Amino acid sequence: MITAEQKPMQEIIRYLAPYSKILLVGCNECVTVCAAGGRKEVGLLASALHLNSLKQGKTIDIKEITLERQCDPEYVEELTAYIDGADAVLSMACGCGVQSIATRFKEAHVYPAVNTKFMGASLSQGVWAERCQGCGDCMLGITAGICPVSRCSKSLLNGPCGGTSNGQCEIGPETDCAWRLIWERLKALGIQERYEELNDAKDWRPAGGAGPRKIIREDLAL
Amino acid sequence: MKTTSRLERVLASGAMAVTSEVGPPRGVDVESVRTKASMIKDHVDGINVTDNQTAMVRMSSMAAGVIIKQMGLDPIIQMVTRDRNRLAMQSEVIGAAAFGIDTMLCLSGDHPKFGDHPMAKGVYDIDSVQLIQCVKKMRDEGKFQGGAEMKGNPKMFIGAAANPFADPFELRVMRLAKKVKAGVDFVQTQCIFNLDKFEAWMDGVEERGLDKQVHILAGITPMKSVGMARYMKNRVPGMDVPDEVIKRMAGVSKEQQPEEGIKIAVESMERLKERKGVHGFHIMAIEWEERVAEIVEKAGMYPRPQV
Amino acid sequence: MENFEPEIVAFCCHYCAYTAADMAGSKRISYPSNVKIIRVPCTGKVDAIHIMKALERGADGVYVAGCLEGDCHFKTGNTRAKQRVDRVKKILGDLGWEPERVAMINMSAGMGERFAKTALEFTEQIKTLGPNPVRQAEIQPQTMG
């Protein structure tokens, strides 16, 4: 899933300073799972913004709504009913959602309430770690299920480098050495000889090197 | 010979080679390059020029290499894949060759986090193994990494780093095998303090016959003080400093420690000279270049052979 | 502010804190009438938004009182409550409000004295902090929209 974290409160307050009627839009997918921008977080942020305004002797009008997703036009369309009643939109979705709203409602002042972080998986309650950088040409089949692009700090395809320490990356003991993990997996699967195969220089075009990416599925277009 | 490299000639002659290094300045200070190179010039077969070492910006390794080449000496330019993409690296290799530089080292590079620009984007377009493949392809096939033909192959003697001490240990021989497969001509190892472990690595290397496919230069660093020894033991990733070495350094007075450090370095060289798979030494005397000559002489490796 | 009588909301769990409050009552141990008790089955039922809304509506201080750590009748309810109280404290800090206006308190069912003591201490603390900034601004708090 896409992970995100709420922006610092003062940054959000700064964005909203010129406005008095806010449409606060949450998203029921990824940001709900990582507790950054779902229905609950919308409620909390609205409450915090109220407390902030009330303390300054001002009022702020906040309409709270949480869409199923903000990255599909059919759902974003639901905002039509509320968009004119607001002078700014604060989206708690990832960057994809914020941009979908800005694209659909060209006259709306749209602001992000979260910082989108990475594509990751849950390790345990409240802990998410980066797992995929969307390189567009998945190598997991040859690295026994551990990604060298996203999990090696240097994206080495023929690692490890000489900096591994106690099985951890040179950048710090909290980061596993991806190549140590790959090696352990190869051993567990009995395919150690795979390690000595040279991985050629990666073509980064599918990873975005050829410009912003698009998928077009003609078999799905109506 | 594949190249005009003096290092290649010395190694091909069967003599043991010696290399050392010069760290370029953090600014436009041409004299410091000349001064450091002059200190070691008669005692080495090649002078490594580091490349933004520890991710701190310094005069480019190519530029410092050119200064050294123009002194009539033999620079070995280091190139890390952290700071340049494959276009820039191939371009740099051609540029270096245009100035007569004929020896280089292909490295990944310390992570930007350690340096003075942790906010920078590490490039890592290709890794050190792929860089070796790339330079070999340019030299031997006259082709760029992308496949197109080039006009004028850069004749580089290709080196890489090897670290027998990083973990997992069992992978370290296989990693050398990968670099050999990629086409490396010589490797310089991480500095050796744990000679037993190094010799265990050499056992694995010789067992696979890798010592016949690549020239191995053993890395040697003289300790200046027990503080330095402890720092290297505890704070430098991939470094193995046994307690006996710390004890030895701590066992003499502060004034005596530099001499003890040099003694340990020379003893290591004497022991490793006996190892047939070791074809020379790479002396890394960080900020202590003035003692390199003495170390080489005490280890009985002066004068350097005429080749 | 002279004669400031704070409005305190106390979310008390049925199994421990509310029972302790009852005990204080039956033992005639008095505690400030500023404290308005809301009984919940478990403090784990209290979410961050409940605390925030209480403040929005003008409460000068809010605390969540549950079982002793490790003794929650529902195992981890009081742990969740503590985390939520901490979350609200952080939000208050980010807004420039006093995080001390909210607190998590733990006690067992038999601790009538402790209930009364903590109620008094918290009330005194809020007295020193002064009224809720909302009330200081003299704007009517938002009603639930």
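Order of writing sets the chain letters: A, B and C. Residues in each chain are counted from 1.
The rule is simple: a residue touches a chain if its C-beta (ideal position, glycine included) is under 8 Å from a C-beta of that chain, and two chains touch if they have at least 3 such contacts.
Quick caveat, the model's predicted, so the values are computed rather than measured.
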item	value
Geometric centre: closest chain by C-alpha means	A
A-C against A-B, pair bridged by the larger set of C-beta contacts	A-B
Euclidean distance of C-alpha centroids - chain B vs chain C, Å	65
Rounded Å distance between chain A and chain C, as computed from the means of their C-alpha atoms	36
Distance from chain B to chain A - Cα centre to Cα centre, in angstrom	41
Chain A residues touching chain B - in the complex, by the definition given at the top	153-167, 170-171, 179-180, 183, 195-196, 198-202, 204
In the complex with chain A, residue positions of chain C that touch it	47-49, 52-53, 55-56, 91-92, 94-97, 133-134, 136-139, 141-142, 145
Chain A-facing residues of chain B, complex	81-82, 86, 108-111, 113-114, 122, 124-130, 133-134, 145, 161-163, 166-168, 171, 174-175, 177-178, 181-182, 190, 237-238
In the complex, chain A residues that touch chain C	8-10, 40, 43-44, 47-48, 50-52, 54-59, 62
